[in-house]
Amino acid sequence: MSQAQRRAEPGAGGSAGRGPFRLRAEVVESEALPAVHHRVVLRAPEIAACAQPGQFVHIWCHPPAEIDRPPCDALLRRPYSISRLRPPDGVEILLRVRGVGGRLLAAKTVGDALDVIGPLGNGFRTWPDIGVAVVVAGGIGLAPVPALIARLAASGARVVLLAGAETDEKIPFRVERPRAGRATLPEVAALGAEVTFVSESVEGILITEVVALRLDELPEEGSAMFACGPRAMLKRLAEVASGHIPLQVSLEERMACGLGACRSCVVPVRCDNGTAYKTVCRDGPVFDAAEIDWERLTP
Amino acid sequence: MTAPDTAVSIGSMSMKNPVMIASGIFGYGDEFRGLAEYGELGALVLKTVTRQPREGNPPGHRTVETPAGMLNAIGLENVGLEAFVRDKLPAALEYGTNIVASIAGEAVEEFAECARALDGTGVAAIEINISCPNVKKGGMAFGVDAGASAEVAAAVRAATGKPIIAKLTPNVTDIAGVAVACERAGADAVSLVNTFSAMAIDVESRRPLLAAGSGGLSGPAIRPAAVYRVYQVAQAVEVPVIGMGVIWNASDALEFIIAGASAVAVGTALYADPAAGNRVLNGIRDYLESHSIARLSDIVGSVEL
Amino acid sequence: MTAPDTAVSIGSMSMKNPVMIASGIFGYGDEFRGLAEYGELGALVLKTVTRQPREGNPPGHRTVETPAGMLNAIGLENVGLEAFVRDKLPAALEYGTNIVASIAGEAVEEFAECARALDGTGVAAIEINISCPNVKKGGMAFGVDAGASAEVAAAVRAATGKPIIAKLTPNVTDIAGVAVACERAGADAVSLVNTFSAMAIDVESRRPLLAAGSGGLSGPAIRPAAVYRVYQVAQAVEVPVIGMGVIWNASDALEFIIAGASAVAVGTALYADPAAGNRVLNGIRDYLESHSIARLSDIVGSVEL
Amino acid sequence: MSQAQRRAEPGAGGSAGRGPFRLRAEVVESEALPAVHHRVVLRAPEIAACAQPGQFVHIWCHPPAEIDRPPCDALLRRPYSISRLRPPDGVEILLRVRGVGGRLLAAKTVGDALDVIGPLGNGFRTWPDIGVAVVVAGGIGLAPVPALIARLAASGARVVLLAGAETDEKIPFRVERPRAGRATLPEVAALGAEVTFVSESVEGILITEVVALRLDELPEEGSAMFACGPRAMLKRLAEVASGHIPLQVSLEERMACGLGACRSCVVPVRCDNGTAYKTVCRDGPVFDAAEIDWERLTP
C-alpha cells in the first residue's frame, strides 16, 4: 500500500460512526470447504471490534502491494458478508467460489494480506425481548447466519434456523441426515440454533414452504424473522410473513463503491409518493421486508 | 532541489496540484470521508446534480464489469439542486480544498438555473455535464453537437461568475470541434472523457446485463482512446484541459499530462483504492523530482510526435 | 435434432456459416495457411488494398499492447491492386470459401476503380474500408461523414455487380446515420467496428509508443463499445450487419449476434489462436444445439431490452 | 485446446516449406538463471526436426487450455529465439524476464504445456567453406548463439565469439574471469567457440570496439560475421564490417501475427528506388546487414 493509505481509519459510513475502516488484513485461516466453498479468516481488529451480524466487508482481490497496477479483471472490490467473529480479532467469511474474484480470494494462503474495507452497511437489528427468532437462509445465504445466530442466542432468544438449498452442494456447511428425523447442519446447530435443513433434490421441498407450514407454531408476540438468500426466496417469505411476523431481509446487488456514493446498488423501496431507491451497500444490505417494493425489485 | 511546482489554475480556481476526483465517483463527498486525505487533492468534483431530484435508471444492475473495465448506467440519480446546496455542499466544503459542482439538465435554461443557484455558494467552479450517456434527454444530447454545447456553455457563462468546465463526451466525430465551441462560448476549461457508450449482453437470457440496456464504459480498457482525445483537444484549445479515463497510477496521469492535460481526474480507480488520488499525486511529485522538472506545466502537452 | 442452420447471405454471397476473418489480420491469406481449416469459415476478408501499392506508416513500432487490447498503426501497407489480383488472389481462392476483397482509396474514383478491377475476379464480395484510422487522407475521412460514405458506396455500387459491404468506423457521433446512408447508396451489408482511435505515450521518453503517433485500439477492451454500436446500427438498417470487436470465443460472437449482427468477423484473436474462427464457429453450433435453436437467424437481434 | 486446433500442422511460412507448426509443447526443463534470466526446454519434435539457428518460436504465454478466454495482458504471443536444439526433440529458449509475458513463461514448471508456433522466420545462412566465423552478441542477443555456434562448428569453421553487455547481469550465461587473460563464458565455449566476453562495467569497452580492433586479424577470404543484439550495436557493426566482411544481423521488432501477414514488424531495407519494408518475422529476423536501411531504422 502507498504511504497515503492508512492502516485503519474511521470513515463516515456504516452504522453509528463506527468505521468503515480500511486495513491490510492478514489471512490467518484459509480452508477449502465441500463443493466450491471456501472459508477465509482475516485478522482485522478494528472490524472485529465493531462488526454487527449482517454487515459486510469489501475486499480488493489482488495483492495490496499491487494496488498501483490496474488489474484487468476483478477491477472492483467484492462484497462478502461477515460470517462470524473469531475473537479476539478474527473476521470469518465464507465464499461460494463462482467467478474471478472468488477464485483469487480462495487462492490466498495463510500469511497473505488483503486490502479490506469494513464493516459496511447496516446489519440485522436484534432486540432484547425476541422470544423466538426464525432465521431463514437459502444457499450461500447461510454465510452471515453464524454471526446472527450467535447474537440472537446471546440475547436469550430461542433460535430456529430453517435453511434450504437446491442441493447439499450449494451450502458451505456439512449436512447431517440422521436415520430418523430431519437433516441438520451440526456446525450451525452448535452455535445455539434448532436447525432444519431441506434440499430440493433430497427432501423435495422449498424452505419457504417449510416456513409457511410452521408459521402458525410461533407465538404471536415476540417472534421475529431474519432471512438471507436468493431474491425469489426472499420475495416469497415477504408474502408469507406479511402481517404475521416482522421480517428483515438481506439483499445483494452489484456494487462499485460499497460506500453509498455511486448509486450502483439501489433497490426500490416503498415511499409515500411511489417508489424511491435505497442502496444495498449503505442503507442495507439488511432491510425491513415491508420497506422493499417487491414488485419493482428485479428477480 | 525545491519541491516541484504543481499548481494549476482553471479560470479563477487555483489548485495546489493537478489531481482531481471525477464526478459521480465520489457522490457528494461524504461517503468516502476518512478513507483518504481528500483535502490534499487539487479539487473534488461532486456527483452531477439537476434542478429537480432524479431517481435515475430503473432497478436491476446499474454496473457490470467487462474486460479491463466496467459499464455503468446510473442515470444521474441525484438529490436535486436544492437539497444539494442545503444538505450536501456544506459538508463537502469542509474538505478544505476546491469543491466543483457538476450540473446537468434537459434544457439549456435548466443548466443556467443550476449555475445561478450555485453562484452564491462556496463551490470553486462549475462543471457542465453535457456528456452523460445514461439519460435519454439532455446529457449527451447536448454534448454530441457543437452548437448545442456552445449554447449551454454560453447560458451558464451568463449565469455565473464562477469558472466553468465543459465535460465532453468521446462519442462524437469531432471532439476538438465541440471543445472549441465551448471555449468560444466562455468555458474556462474542458474536461474529458466521459464514458464510451457500450452494451454487454448475457447470452443465456439474451438480455442486456445492465438494467438500462446500455451504459458507459470506463476502465483501463479505454485509456488509450481517452489519451488520444485529450491530445486532439489540447491541440485545438487554449484553455486548460482536464484529462480522465481510468487514471490508476502516476504513469497513467502523466500520459494524459504529456498528451496535453493541465490537470487530471481520478475516477473508477477510487473504487479499488479510495486513496488512488493521493497515490497518483505522490507519484507525479516523485516523477517531477526524479526527472528534475521544476514545474508540472513544463511537461503539459510535451509529447513529441 | 438436425444440425442447426447457420447459413447467411450477404447480397448474392452465400455463406455456410456466419464466421468471417476480419480484414488486415490475415494478410492475403497465404501466411496463415495450414494453421487452421480456414476453408470451413463463412468468408475470409483479405487485407485492404489500394490502387497503388502503399508502404504504410514509417518504421518503428506499428503495434503496441495496452490493457486488454492493442493499438495498431500499420497505415494500409499493401501490394496494390494489380499485384493483389495477380499474385495474391489466386492462392486465397484455393481456400474454397468466400474470399472478400477489402478496398480503400484517397478519392471516390479510386474506390470505384478498385471495384471495377475486382468485378471480373473470383472475389465473392467487396468490402469498402472507409474507416481506417491510420491513414491521413482517405480511410476514415470518408467514414466519419455520412454523405461522403454514401458517395463512395454509390460509386462502388455503379462499378461492380458484386455484393458490397461498407466497413464503418466507431469514431463518429452517429454510426447508424452513416450505416443508413451506405445502405441507401446500395451497400448490401455493413460491417463494424473498425478500431477506436487511440494513443499511448511512453512517459520516460515522452514520445508516443507507436511510430505513427496514434493508432487504432482493438481487443477485449472495446467489445462492449462495439456491441453497442452493432445494436444501434442493426436497429437502423435492413441489410445484414457484420459484427466485430474482439470476438474471442463463441459467447463474444453471440453477444454481437443477439445485438443484431447476422455475421461476425474474428480479428485480433487470430494472433493468439490461428484457429480462433473455427473455435468460435464450433461454439456457436454448440450453443444453437444445446438451446434447441434451429436457425441462427432466429436469434439475430433477439436482445430484449 | 479446442478440437479445431491441430497438434502439429505444416504451415506455409518459415523456410523451405518446413513449418511453421503449431503444437502443444510440454515444458521438460525450467530453470531460473542468474539475474533475471530463465531457461525453458520444450518438447517440440516437429520444430526440433527442422529448426535453423536464428529462427524463433512464437509462444502463447497463458495455459493452452485457456485459449478460449481472452486474457487481459499478454494478449499477443511472444517471440523467442531458438537458443539450442536438445536432441532428440527438445527446443531450448533463454528468456530475459522483463515484462508480463516473460514472467508468465518463467513461472511454468516441468509438465506444463505451452502453445507454440514455429519454427518461424529465416535464420542465419551458413555455408561449407566459412574459414573464420565471427559471432558478435550483445546482452540477451546471446540467446540464439549456442545453436549458431554448434552449426558453424559442425561445418568446420573456426568460431570466434565476441560477446558484450553493460554488466554481467545482462547475459544469460555464467561469466568466468581467470586471473590472467580475458573473460569467457564456459558454457558457450564448450560448444566449440573461442570466447571473448567484455562487460562495459568491468572491462570498460564496448564489444563493437573489440570487433573493430580485431577485424584486421581476419583472413580476407572465407570470413563471415553474424550478430545479434541491440540495434545500436548492430548499426555500429554494420559500419565496421561494411566492405570488409559479410555480416548477417538478427533484428527484433514488435510483432502481432509472427507470420508475415499483419505487417507489424517491418524494418526498412534499401531498394533501387528508395526504401521498402521487410518483415522481421518472415523475411527476417536475420538479414544481410547490407540490405538494411540503417539510416531509417529507428534506434
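As written, the chains take the letters A, B, C and D, and residue 1 is the first residue of each chain.
We take it that contacts are C-beta pairs under 8 Å (C-beta built on N, C-alpha and C of every residue); 3 or more make two chains touch, one makes a residue touch a chain.
Computed from a predicted structure; not experimentally measured.
Listed by label, the chains touching chain C and chain D alike are A, B. The chain with its CA mean position farthest from that of chain B is D. Each chain gets a centre from the mean of its Cα atoms; for chain B and chain C, those two points are 34 Å apart.
Each chain gets one centre point, the mean of its Cα atoms, and the points for chain B and chain D are 48 Å apart.
Between the Cα centres of chain A and chain B there is a gap of 35 Å. With touch defined as above, residues shared between interfaces to two or more other chains in chain A number as follows: 70-73. Touching of two or more other chains is recorded for residues 67-69, 219-220 of chain B.
If you sketch which chains touch which, every chain touches every other chain without exception. Interface residues of chain B, counted against chain A in their complex, comprise 24-28, 30-37, 40, 47, 55-56, 58-65, 67-70, 72, 74, 77, 211, 219-220, 246, 248-249, 252, 268-275, 278-279, 281-283.
Against chain B, in their complex, chain D makes its touches with residues 70, 72. Those residues of chain B lying in contact with chain D across their complex are 67-68. Considering their complex, residues 71-73 of chain D touch chain A. Interface residues of chain D, counted against chain C in their complex, comprise 2-6, 9-13, 20, 22, 60, 67-77, 115, 117, 253-268, 275-277, 282, 296-298.
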